[in-house]
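Some structures to go through are shown next.
You will see two complexes here that share subunit A, one where it goes with subunit B and one where it goes with subunit C.
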Partner chain A sequence: MRRSAFRTEPLYLVFAALGGLVLLFIIAPLMSMFVNCSLPELAETLRDNEVRSSIWLTLWTSMAATVIFAIAAIPFSYLLARKDFPLKGLVTGIIDLPIVIPHSAAGIALFGVLSRSTLLGRAAEKMGFGFVGTSFGIMAAMAFVSIPYLVNAARDGFLAVDERLEKAALNLGAGPLRVFLTISVPLAWRPILSGLILMWARGMSEFGAVLIIAYRPMITPVLIYERFGAFGLKYARPVAVLFVSVCLVFFIMLRLLAKGEKVAER
Partner chain B sequence: MNRIVKAISIFLVLIFLVAVAANRQFRIQDSKFKAGANELVIFHAGSLAVPFKQICEEFSALNADVRIVREAAGSRMCARKIADLNRRCDVIASADYTVIDTLLIPEYAEWNIKFASNEMVIVFRRDSRRANHINKNNWYDILLENDVAFGRSDPNADPCGYRAVLTVILAEKFYNRRGLAENILAKDRRYIRPKEVDLLALLEVGELDYIFIYRSVAEQHKLRMILLPDQINLKKAEFADFYKTAHVNVTGKKPGTFITKTGEPIVYGVTIPKNAPNHELALKFLTFLLDADKGGAILKRNGQTLMVPSTTDSFDRLPECLTKYALPVQQGGKG
Partner chain C sequence: MRPSQYFVLLGASGVGKSVLLETVAGLIQPDSGRIFLGGKDITEEKIQNRKIALVFQNSTLFPHITVYDNVAYPLRCKNLKGERIRQRVIELAEEFGFTGLLKRSPQTLSGGESQRVSLARAVASEPRCLLLDEPISSLDAKVRPEMHALLRKISANGQTIVHVTHDYTEAVSLATHIAVMEGGSIAQMGTVEEVFQRPKSEFVARFVGIRNFFRGRLEESREREADTRRFTTGGLDFSVLTDSSGGNGFVCIRSEDVTISNAASRTSARNNFQGTIVDIEPVGVGVEVIVDIGTEVAALITVESVEALELHCGKKVWVSFKASAVKYIEQ
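For the complex of A and B:
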């Protein structure tokens, strides 16, 4: 039994106590936010149209960004898992770049390619949409900061798939695309799914990059900040509580879906 | 076992290094500033960023032992930091003196000095669309053109935001163009940002062609600008009666409630919060800021006029040494 081992070995008791401190550090602020928020306040916020539409906007833009970029990111992670090519180390480094650069800087960088004076921005304008101050801009900012989570998770997923199965299918005459779609992806679906969830969740929680590209329409993290600035803590808190709850519900649901295998995340 | 010992010792060395570094850091601060005894914390409006940086530099040059910490934010955000976040600061300077009156007095501050004026202008780049044609008589038509994009700041977060709205409303009356305000305010809402200086980046990268902003900011950044007629630029006290005819609703103390802002000349306000940690030093800073040859001269270089002494409702509660920078309200005449 694992549990009895904990009891007998004092070192593990110390470890457990340290772990408790870390957990407390995460849970205590969230708990205090929930406790400080009264039910009537919450009910009032729930009826607030601006809040509801912003939560909805946040959910779907992050979802859309995840799905759109997954189309390119999943095959790419397969390549990273299976093939060696020159400068592969550099490429994996570039993938992780969005994790380390400050997100306000990411927003500024995105400006350089998405504003109306750039090629991309002008092309988009010709087609009748734009990036700055639109849901497309929000998606771009969310995807930029969250794509590493998907690529890394999917790559680790593909690495865990036994290459011999793919080779066998290839030897039996299946084309590489068919092998990819019917062998590799189905076998790696759990890590891929948890990568998708992580990317989606990370996108929803993004503030800095989105704030710079699109202050309006307001995603919830921006709305919370705006409420704080315009009305104070008292009115920002219920929005935060509501959004955290919504995120938690979706997060737990999807996490349960992807359960059963060690989640490959970094 | 050996490896565990190694790991633990590396960990201990790291902790030791962090402790040494932190200790050194604290000691440097202590010896220089006696544990924050001479620290001056200033919250100020975004539009004051450039002049206040220079004023603080000159003030520090005269008072070598003083360390100044400045935080720029939308004026209402500055007040929120004090009222809601319980943040402590020594001086708060707002782009609208009424922010201090409505959000801080009487609970967090006692008095308010009106210290500077400003005016609304429209700025642009050399390569803004239609930059060669725009002037003070056709700007409203050009802003309404489809491929022209303009920005303004959030009326709920930033005085510059509701002042832009007031300017547009006054323009409708002044140029006698029915529906003008409604059309302009309905266009380009996606470019509304929390504070006016946030818009400068959008202008720089070419996303925006024009923005409504203060003249002082335009001059500090050496931007091209269209000067608007005094009847609509919210600068002149003699047009106060005309300014008064424009109204805009901004959000009140809670979501869904509104307060009405009436047009009036732009006046910046400054105060020392009640719980300022360093009240003496704050007074010293204000006497520097409000002196026409010192702070006033720097404001002037940055496109703003010092306007002390002006009348203030709270004259009776002013600290003794600041009374010469304000006037009591005359009977019957307010503001």
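For the complex of A and C:
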């Protein structure tokens, strides 16, 4: 009954047509990019050392940024989900801030605190590393723009965990840290994992903030921009195709992994 | 209350029974008042250090780990050795009858199975006091007797238990001591007999609902089907219609089911006793007549009947009630 009603209702046909347009808008440019890139071009780009090292750099810096910041972000998300404290609304707002500010502006802001002339920059230099023009700077820029995705996903995940289970665990003699590690995190694991994937993917695709802090070493989005500026579309396109493909493979793999966990839990 | 008691808090829903338990367990901080355990003030004590285990009406088994790991959870919190944990879990599974379920996920268990595992997990934490929040209420009537038996077994091991329920038969069946709650406070507290036989207030009397309440012994029977059996209490024999296999317990008879007559008459009532009226007291819906037949029996009759039968204190009358009006509660 519901199916046939759905099919015959003209309004929904209009909605479906509109949806098709949106999908087309996303898929068409990507398709044309792939179609316009010949295989020999792609093979040549694959052999290009500069391209290969930039893809590798992008992958590992975004992953490292995600893992390092997750250590602080996941417990913080738990706090946001479970406890009330003064100015909580403000704190939640601050977390979302990186999403709304332009990423080039984010880069400028980060540069202001991480450059060699600042306290933080000098302290890092003394310890033997710097931020400007290094992989640490890339990670900082990536984390800055992508951390809201992890915090929000993890917080929603913790909110969905029945608080009675945590109380039951405390009641059985478990300390709060044990409850957090053995009850809360495992039960919120899937939203956390999908937050991690989102943060990682967002970090990997970051351009503006990274460009300002570390033009070199060159991550792939910057490399694409540079090749486009210096040599034009024809040279930038194969790099873009390659990078998008690599991202898609990883993205789909991790999504499947997250889904597999869901099935295993049943 | 004292150690090793089985204490039942009896009250209608919404009088704050669950809140009381959660406050004792530390899940809720009280606005006022103090909580003492073994003479020590534990009001500010952290939940995990109270050693008070709470079993809820709905399962709080951890859904992401197996039944085995659930029962092992409190043991791991005590940092016991792996082998010791394994022994104890298997021991508890045997005692609580779920050895075959250890590898299962809690989500695949029936209501009765979940509650047995929950109880085992609570007992594994070796609480100084075990709190039960209507642990049986959401279960099928079929599995209740075995849950009662299990709870009696836990109690027999010396475990102090506080059990909250709205079901008086459950209270009678399990409790050594009972407290009746009214409007957020305790209306009466005492042994099962004290509360049921001598309710202190109208509220308690109405809530426990039965004025005639006797401890005694039901004759043993191998019959599976319901039958009229003899119940002996304080030198009197009652005929009871029951399918219970016999043993120690209580019988109760609602005062509405007891009739009074001036002469012995042939009726369908299997229980007929002669006695003397010791009290006639008007209650809200009629008159309560107390007759001494060797023990005191209350009959609730109308004002008209009192006049028609010319009842007065000291008069000899006959008291009758049907075997089917006598309810046997195993203990």
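Going forward, the second predicted complex is superposed on the first by the 252 of 266 C-alpha atoms of A that agree within 3 Å, B and C clash if a C-alpha of one lies under 4 Å from a C-alpha of the other, contacts with A are read in each partner's own complex, and residues count from 1 in each chain.
Methods note: a contact is a pair of C-beta atoms (placed from the backbone, for glycine too) under 8 Å apart; a residue touches a chain by one contact, two chains touch by 3 or more.
This structure is a prediction, so every number in the text was calculated from the model and none was measured.
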Under the superposition described at the top, does placing subunit B and subunit C together on subunit A give a clash or a fit? fit
Which angle, as a multiple of 10 degrees, do subunit B and subunit C span at the CA centre of subunit A? 160
Looking at A:102, would you say it contacts subunit B, subunit C, both, or neither? Reply first, second, both or neither. neither
With both complexes overlaid on chain A, does A:214 touch subunit B (first), subunit C (second), both or neither? first
Of the two partner chains, subunit B (first) and subunit C (second), which one does A:233 touch, if any: first, second, both, or neither? first
Check whether A:93 is in contact with subunit B, with subunit C, with both or with neither, and answer first, second, both or neither. neither
Partner chain in contact with A:171 - subunit B first, subunit C second, else both or neither: second
I'd like to know which partner A:20 touches here: subunit B for first, subunit C for second, both or neither. neither
On subunit A, which partner's contacts cover more residues, subunit B's or subunit C's? B
Of all C-alpha distances between subunit B and subunit C after superposition, which is the least, in Å? 37
Residues of subunit A that touch subunit C when the two form their complex: 162, 164-165, 167-176, 178, 182-183, 186-187, 265-266
Subunit B - residues contacting subunit A, complex: 73-74, 76-77, 80, 83-85, 149, 154, 156-157, 189-194, 198, 201-202, 205-207, 251, 253-256
Contacting residues of subunit C [partner subunit A, same complex]: 25-27, 46-54, 56, 60, 62-65, 73-74, 77-78, 105, 107, 121-122, 124-125
Per the touch rule above, subunit A residues touching subunit B in the complex are 48, 50, 108, 111-112, 115-118, 121, 132-134, 212, 214-217, 226-235
